[in-house]
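Next up is a structure, given as structure tokens.
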């Protein structure tokens, strides 16, 4: 295979994906685009890729697929344009902060027959993958209850909050996707609670920094989610799945597995405290998976439907907090 | 000090408390009562205590305190009788399955000035106690979010379910008390979900075997609880408290801390799988604490109010499941 | 069964054994002896036992067995007197600091047909026992290499060192016994190194505070031992057995299994730091095992031969340090 | 900087270093040499490097440094030739299996003023590095005793054993270097034991598959090493350093940090079972370190002296096994 890719958006996450592409045999980073040309030029130089504008990229014969890393509010439109241009698409989550807009976008994807993968990177984390495989191998029997703990090292700045869509669409959405990935059944109902315990500035934006949710499925499976915008001990990312025949847990990660014992106790280092470091392997495996599916003509997973459904759960969670009741997930 | 105690009810838990009493210096098990005289006689013989009926015990000058270990539906009445007889009282949880009845009972306790401690044994577990002390010492800052995982090794028989009051009053009530013990604020609202995933016979009793709850306080602190009537790997009893400056976790317990490594992996033994084995130290410390408070004239804790409030949370949880909404805890 | 026991020596370890006896059903602490009568009286009062002198005890019909907890230099003579008096004997390690004297003592035991158990309490620790059972169950195949880590929380006072027999006979002797217990073959040769790194006062007594040893068996099995008189993080007691099909490890113990995570890292408490606390369960199981063997007429284990062989390994280790060569264990 | 490198030897380890070079900014893999031209061509093609013979490489102006990955018996000669050609040198361990030959080689390095780094990759492992830093930061006080556990997943084929130099020069040599790296003092004396427990074919080669050693320093610091050619649970690589104020341990590594709990217990996956996977990060950091030192004109570490001293300890260990006594390390 020899697949040409273009990265749209040369920011932090664009750079991560560009590097990942350069490490996949048979794939080539052909072009880079960014509104801020300096960024595009630097990234292009690093990987021997051209700087082009988006129109040129979408028209180019040497570009098989685009990797969309631009700001969220451009995702849906770029997906549509790329779909119409016949390109395969990898898009960072979310498709759009608005479910109606996301649905319209997926309609275009369907009509054009475009192939779309959505960037829920955690599905590709080796630890969570091993957990998923343990479930698939029947080691814990039927899945019954899941607990997802997901806490950021520290709160983002208030400006970020403004355009984030709120904690459920920005942060918990990864956990909603993980719940769907692991529950073995669709989530039908959400109960959620949220509050401001970390940073009053987040509350002033109308958002929350601490949230809990219970997701349930038709057969009564339950998923508990615990979110905080602060974890001083690092990026806390754990999953525990309890089944009829056992339980499987995926543990946190640190840079070095050492333990120092002194008169004060036995101390291991804090956790990796940056999502890009914590999920380095996941990002690499994600792009490799996208390219492999592209090359093999296999199904893209997670796809557009996965992106939409996580968003719908987020919207249900928002309503649940507001109305103080269980909210049915709109499908 | 030289304190005389009588155990009412010579069943499983009565025997545990009798043994605990016999190990406290300065305390003496004076008498034992049980409707089934054979049980009373055996227990009395084991500890050199007399078999007496309840009336005799309540009238006896050598009995300072009674330890109520009879069936749940007798608790409130025995508390009232003992209170009126001027005895100090240790009563297994719950005071009653009905909050109105429990309130009436506590009214009598108040009027008589009786001293009452309620048997939430987990508050005395050395691991949870160390966790509580870490919080008290300010090691994790302000408490923000708690996760309590509490799973029984296996479901009780259906007959037990019938008189249990349901999962929230029978099992989760321990977690509700623990939440109150650790949150540093009263629980004001409950959202809960429950289902039957383990044993259909439990569903036929109108009860559930799998439950999740989110408790919240006035300032927005949150407590997540995960309950199951089945954990094939043992009695799963973990608590995690997340605060502004850190997190503290209390781990599970096993009989032997060994790990066997083979080509299949690294395996530690299953957990202790019986509540009496898991909480051996807690039961001993609980009775020792009761006797110490009695002797010192100190406050009884957890007291009657604690027993009532956990029950009120359980009732709110039941309503939340039924009505699919957040329910305010009735105080 | 109804077995009468007498404790000779009412010091620290005598009190531990007295309490253990009082918890074994069917056994009774009949008498206590101590050169310091006040100590004997206090211990007797605590357990309802008489204070008697040793002659009286050895002549008494109500005493089936003696538990020797007196100073080391009295052990051999007391074993001999008790053996001749027809009593069963539990004796704290060592039989004597001198192997020749120990041999002579065991000769008397053999001639009189007395039953003797030697106090290597660690064989009864539940964690090491589980490790031994895992080996016995074939989970790690054939034993090949053992690593024993054994470090005291802090050095004893110099006066203690003077009468201790030196680090190998006082401290490592427990590890030598454990090696024999686990290797599945007799130790035939010892290489050892020792130095003074902790406390110069120990060096001034002609002893060492830090020691390493390699024990080997006829078939080439190896056991590594690491000893230090100082471990500021608590009483470090670990064993690891490596076999043809796997490995088994027994972990350290702490009072509470909690972990506190802060910006500085994840911290568990220090280890239990006192041998009596660490080995509480072992001491209780040891005496229960002695009484059970006595009652059943079963073999006493560890017996006099075990006591002697550990001592012979200690003497070989001393010579190895002195001569800088492998020393064959004298049998 | 823009540094040109050539890899001599395109086998397994040559490919690892070639990939590592390609990921270091400012460095370039210029040429590859291998007696088996097909291997050289494949590796060159992968990284855009030329295939050249060694003479051409040593004469080339665009080659600043060579990375020697050829068979062991060519190392010393290639180091000498490269030194005389004015190239900087990275050489896989060992310099030579014979200490006299290694000394002669280092003489040439010294005379030519060549810069030489020896491939003790484990010094660059992030876990061991963190352990070293904890010691350097004074967290455990003065180093007193070290335990190194180093076990291969399975024995190499007998052919390999023949040219390996024996277990101490082939396998334990890494541990000897690590001991030197961590002890803070030179090793002055060795006691060692070795046997054949894993594979009789190894014994037939005159080698051992199971070995233990005690290293000591002038001040009495001790290092225990436990080696086996078999660990069915994966590649067992642990270090524990005990000091006057504490202890630090570096843990084993597995591909995924999950734990599955069932009725049989709590099971984590086996360890990474291949040295290249286990030490992926170490190999990358090692070459990056070599290039950084080259570029900065900084000292090469570990250098030729380190390579020699580890070899001298290995020779002392061999003699100790043979003669059954402590052997002074020849310096």
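Note that the chains are named A, B, C and D in the order they appear, and that numbering of residues resets to 1 at the start of each chain.
Everything below uses one rule, namely that contacts are C-beta pairs under 8 Å (C-beta built on N, C-alpha and C of every residue); 3 or more make two chains touch, one makes a residue touch a chain.
What you see is a predicted model; the values in this text were computed from it and never measured.
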Centroid-based (C-alpha) most distant chain relative to subunit C: A
Chain pair with the higher count of C-beta pairs in contact (C-D, A-D): C-D
Averaged-CA centre spacing for the pair subunit D and subunit C, given as whole angstrom: 42
Inter-chain centre distance, subunit A versus subunit C - centres from mean C-alpha coordinates, in Å: 57
Subunit B: positions in contact with at least two other chains: 232-233, 245-247, 261-263, 269
Residues of subunit C touching subunit B in the complex: 126-127, 129-131, 134, 139-140, 245-253, 255-263, 269
Subunit D partner contacts - residues on subunit C that touch it in the complex: 142, 144-145, 147, 149, 151, 189, 191-193, 195-198, 210-214, 216, 219-222, 224, 226, 228, 230-233, 236, 240, 242, 244-247, 324-326
Partner subunit B, residues of subunit D touching it in the complex: 232-233, 261-270
